[in-house]
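These notes concern the structure reproduced below.
The letters A, B, C and D name the chains in turn, as written, and every chain counts its residues from 1.
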Amino acid sequence: MTGNTLGERFLVLSFGESHGRCVGVVIDGCPAGLPLSMEDIQRELDLRRPGLSLVTTKRYEEDKVELLSGVFDGYTTGAPICALIWNKDVDSRPYEKMRKTPRPGHADLTAFLKYGGYNDWRGGGRFSGRITATFLMAGAIAKKLIRHTLGMEVIAYSIEIGGIKAKELSDNKIKRLRYSNEVRCADLEAAEKMKMKIMEELSKGDSVGGIVECKVLNVPIGLGEPVFSSLESDLSKALFSIPAVKGIEFGIGFGASRLKGSECNDPFSVKEGKVVTLTNRAGGILGGISNGMPIVLRLSFKPTPSIRKPQKTIHLDTLEEVDLIVPGRHDPCIVPRAVPVVEGMVACVMADHSLRAGQIPPIIKR
Amino acid sequence: MTGNTLGERFLVLSFGESHGRCVGVVIDGCPAGLPLSMEDIQRELDLRRPGLSLVTTKRYEEDKVELLSGVFDGYTTGAPICALIWNKDVDSRPYEKMRKTPRPGHADLTAFLKYGGYNDWRGGGRFSGRITATFLMAGAIAKKLIRHTLGMEVIAYSIEIGGIKAKELSDNKIKRLRYSNEVRCADLEAAEKMKMKIMEELSKGDSVGGIVECKVLNVPIGLGEPVFSSLESDLSKALFSIPAVKGIEFGIGFGASRLKGSECNDPFSVKEGKVVTLTNRAGGILGGISNGMPIVLRLSFKPTPSIRKPQKTIHLDTLEEVDLIVPGRHDPCIVPRAVPVVEGMVACVMADHSLRAGQIPPIIKR
Amino acid sequence: MTGNTLGERFLVLSFGESHGRCVGVVIDGCPAGLPLSMEDIQRELDLRRPGLSLVTTKRYEEDKVELLSGVFDGYTTGAPICALIWNKDVDSRPYEKMRKTPRPGHADLTAFLKYGGYNDWRGGGRFSGRITATFLMAGAIAKKLIRHTLGMEVIAYSIEIGGIKAKELSDNKIKRLRYSNEVRCADLEAAEKMKMKIMEELSKGDSVGGIVECKVLNVPIGLGEPVFSSLESDLSKALFSIPAVKGIEFGIGFGASRLKGSECNDPFSVKEGKVVTLTNRAGGILGGISNGMPIVLRLSFKPTPSIRKPQKTIHLDTLEEVDLIVPGRHDPCIVPRAVPVVEGMVACVMADHSLRAGQIPPIIKR
Amino acid sequence: MTGNTLGERFLVLSFGESHGRCVGVVIDGCPAGLPLSMEDIQRELDLRRPGLSLVTTKRYEEDKVELLSGVFDGYTTGAPICALIWNKDVDSRPYEKMRKTPRPGHADLTAFLKYGGYNDWRGGGRFSGRITATFLMAGAIAKKLIRHTLGMEVIAYSIEIGGIKAKELSDNKIKRLRYSNEVRCADLEAAEKMKMKIMEELSKGDSVGGIVECKVLNVPIGLGEPVFSSLESDLSKALFSIPAVKGIEFGIGFGASRLKGSECNDPFSVKEGKVVTLTNRAGGILGGISNGMPIVLRLSFKPTPSIRKPQKTIHLDTLEEVDLIVPGRHDPCIVPRAVPVVEGMVACVMADHSLRAGQIPPIIKR
């Protein structure tokens, strides 16, 4: 398999560049018979669309999805599904100037060296945040698939931005409130503070990072293929594809290293005839396999590397140190727009593993 | 690909069970011409061998590696390499009793349900820590390959156990001291305290977790295949295959969420004619691609789930709650034995990506 | 991997339907730095375009390729390349009538059953000959890659149509003449007879089959990954994806079963300092690995299943036997249009194996 | 994926060398709950065991299978199954002499060049016919799986050897008689002539080729994943891994090129409530998908390249032409021993595709 493909049975192939003609995705392996409309995909895309507010980047893109194949008469056909959005609001001039002065914290230098200078550098090319729109399109289809066939639900939300933490809330509250504000945080009080923190750092020409939590609800028991395709393995692989992610933890996560075994093990019990655990420090996964409890994971996002403050870099031709001021339009905080992307990538992995475990049939009956 | 395979070009297939005939591994894709002896593998295996001391489990296994194929006249041939160790010191009786009462924190229940009760439950079967010996055998070959061809080195070491933290040390000190003590910690003072902490909890019938840090030195620029096979993606996928890992972070990791962009970006500079970064908060990876700086990652390990304290579980036939006391021999702390396993898995990924990026040729010339 | 992907390192993903919005392809794994223009692809597409003459189908499609990604400033970037052609001249009405009466020799019935009736049946959907345009687009890029980097050349041509056989000709003559006539046969006398045979059967409402031979010239020694990814294995896998292929043979092929060992073995010799074989009954492949001699293979194509003569089929609702007359526009012989498609698929496999064997670097230097 | 792996969900990884310690195989992806004993595998191995008679090679190997993993209490566990046979009757001296004079018709030269001389040349190493024992072991498990769950049956048999053709027989006769004689031919009269032909050529120091036919009975409708993983594609890929195969055809095969459409199409009809075709020129596959009719394919085998007659080759050091007389023990005809190997490889592909199409569940219920 090559670098731009993800998944074994719900295969996602992402293509396109930030300032090229389009960004798109092909999904191969989606079963026949899933009701699917453009609206199913558009709804998700709209959640990350730039240009919505002061909080996010000012680049404006309509980002209207087109479905090129694999759907017929409102249902998936079992053939590959190609979906894309065209690039329209493109101004590559600021990038022209920076070509020889790689931006700190960005992939400019590594991409240049890996591809011998042939990479499309305009707007970050393949390394632009815009590529996550292709993750969202695939994720929208995966979400529909796992919800329609298994009732699974994926919810992500900001729990920390710029050092401001949200308080814990019930799943229902999270479901209802997470998209009600620009920072995608269900704790509305914290959301307001996060927004102010972002605006404050933006005014200083700086940026902030944060933490996104994600849960999967109604997970069937038995997903995950040990030993190398455990759920944790495949979820982390997919999620580290999102730019700016620097860490991931499941359940108790890094806290586990400070607990004793007697505190960390989740006791088994029975509830309504089903085996459950009384706590969920495992985050819904034991031995790499889902145990029926909600899957819980957290992702650390670094602050947007594009800032207006001057930074030290070098000129690729002269190898002299230069001061760089990154021009253009940028999110002062990636986290809010990453939230639906996290949901999408998690949904892709859950769809893939549901198919691998035989939980979703090759044809979805009407 | 199936669940027991890892890698694209340096393919690792793990097989065997804890109390079956053997645990073994086949590597397909190792280039021809690599000098390889049984000692290269035995040395690594010896680093995780149980029964060495009070600190680790009392099961005694000689764990003598056998090379069944793929090596001829002291060199790899380009054909698949099969290596295995036979199981000898096996007593399955304690597990017989626990069959219907899944151990909290273990894969007993999920394995039982996923495989319809057909799984080999003796000693945890495929979910035993003993399976990591197969990771080590593959890792030993990968280590040899990347060191011999590219001079790459992988070093892992405990930095926290049972809440006791080691201080930061130079790479040279770490290389020299990490295997000098039973807890695999280069800070000898902390090592002593960690050991005492482990003994203390063992005496109470409990267990502790910890954190392992791993660095890769002398990494060529350009490893990693965006967007879905980034180095972070493939390293995390491989490392979550190690039982008890609950979190991973690269470079600044979860700390990134509390920094500003101006603090988090690594400024570029030039040193001895090569582009470097003045700090390494990125952990050696930008845009999913190695930037030539050391790769730095940390893993959180939960405490050993097998403890002597009574725990709540249920009986699978009656679904009644029962108290379980886990018998048998167990590590009070997994971390020390996990250290060489982490090195092995990281080496496998680095070997795979070095091959994918064309940094290692298909034939290694004498 | 899923059903619509081919190749390990030069990955081809085909999408689209005959009467949907487009047919397209994504290639992932093409090295950076290959000069590539739309003309490179258009030239190949034009060789199979329908509507050129009486001999082929009358459906008219402009088939103008669009390059959506992966090429920048005239060179490949190392990112996925998406190419597609839009569907324009589409009339789905004849297929509407036949929906419940599967056409003998076609995939109507098997596609209906495999996909539970959700498949796009218009114009054969994914099973239309039009899908081979996606093979051609991928093949055009593969051809350019292996010619530009290794000087490899792929030539296919008709050697038998409707029972009329061409005589053997030199590679040079074949290169020059194979596309000079509508039946893609380098023996011009035979070509004329083949054409007349096709017209004769067309006038009777019938169709004919034939044999295509393909050679690969200037093949480097050492391509092919034993034991399961031998060159023969991967070439045959790719070529059986072309609709209507019912047999393949390499070198002496089915004739081998009637020879003695002493007649069949190719003696080794030396020519201009290089090891060669004096004959080429092996078809350029020994032990699954290229030996530097031209690769030679032949494919048997069945006659076009769409004929105007009445045929027996059944009605899917009533399960009663009915007589079917297939309406619409169809090739009376698939072979001529298949010729460039064979070249394309062979080129894809040669590109994939050249990359796997390390014969093509990850960056093509200017 | 690497060269020594086959299949997507029923993954076969072959390892070992002719004169190394063993030849073996790991299968990953076999569902849990399949009853499996060593006898199931031994029975198949015995069908190709050398040393049985004058007709086949005189090397004697007991070839007693050992099951190292994946089977517990008589059932598969869902974990990888490792099976191997140890090499015992090994005399590598004759090969020592031939190291620098590659045998015509063998992989000696291509293997030497591909692996830079590091390949294990003893007895042909990875290119020995003995490697097909690993295909048989995998095939035995696949056969059991598809018969136990779906009632599918795979039967192969010689239909031509040294120019002597068998007559067509009923499936029942073939099932009963094909293994009743040393040439694996169900037409007993022809079998006798084939045997005499082989002995005659053996006495002259020569060898003969032949044709094997294979049928799969009770195939469920809907196996095969278009467009690139059609049944024909994956069967041919697997079968070209068998040494000496030079051609494959399905159903009417190469004969298709001489038929008209009206003669070649199989008319649909209904029999006992099921859709069938009145003829089976398609060989059970339409559009790459099984149509429920028996799958029928034929393979051309070249004569054994190892003959006692002197042959022309070159010396690798001096590049001078030399006469070579191949010493050692060799089959004068590969075909009889290839027959069970063909069955095994076909079974592996049918198992893989049955899993891919969801026809075999992940757990086989008692």
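Simple rule for what comes next: a contact is a pair of C-beta atoms (placed from the backbone, for glycine too) under 8 Å apart; a residue touches a chain by one contact, two chains touch by 3 or more.
These numbers come from a predicted model, not from an experiment.
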Checklist outcome for this item: In terms of mean CA position, the chain most removed from chain C is B
Checklist entry - If you list every residue number at the chain C and chain D contact, are more than half found on both copies (same) or fewer than half (different)? => result same
Item to check | Pair exhibiting more inter-chain C-beta contacts, A-B or B-C | outcome: A-B
Checklist outcome for this item: Per the C-alpha centroid definition, the whole-Å distance linking chain B and chain C comes out as 46
Checklist entry - Rounded to the nearest whole Å, what is the centre-to-centre distance of chain A and chain B, using the mean of the C-alpha atoms as each centre? => result 27
Checklist entry - Taking each residue of chain B in turn, which ones touch at least two of the other chains? => result 1-5, 8, 14, 114, 126, 357
Checklist entry - What topology does the chain contact graph adopt: line, ring, star, complete, or other? => result complete
Checklist entry - What part of chain A is in contact with chain B in the complex they form? => result 1-6, 8, 12, 14, 102, 104-107, 109-111, 113-114, 126-127, 131, 160-163, 201, 206-211, 221-222, 224-230, 232-234, 236-238, 240-241, 243, 245-270, 273, 275, 277-278, 281-283, 286-291, 300-307, 309, 311-314, 319-321, 357
Checklist entry - Hey, which residues of chain B end up touching chain D in the complex? => result 1-5, 8-9, 11, 13-17, 20-24, 26, 28-29, 32-33, 67-70, 72, 75-82, 84, 114-116, 118-120, 125-126, 363, 365
Checklist outcome for this item: Note: in the complex, chain C contacts chain B through residues 8, 357-358, 361-362
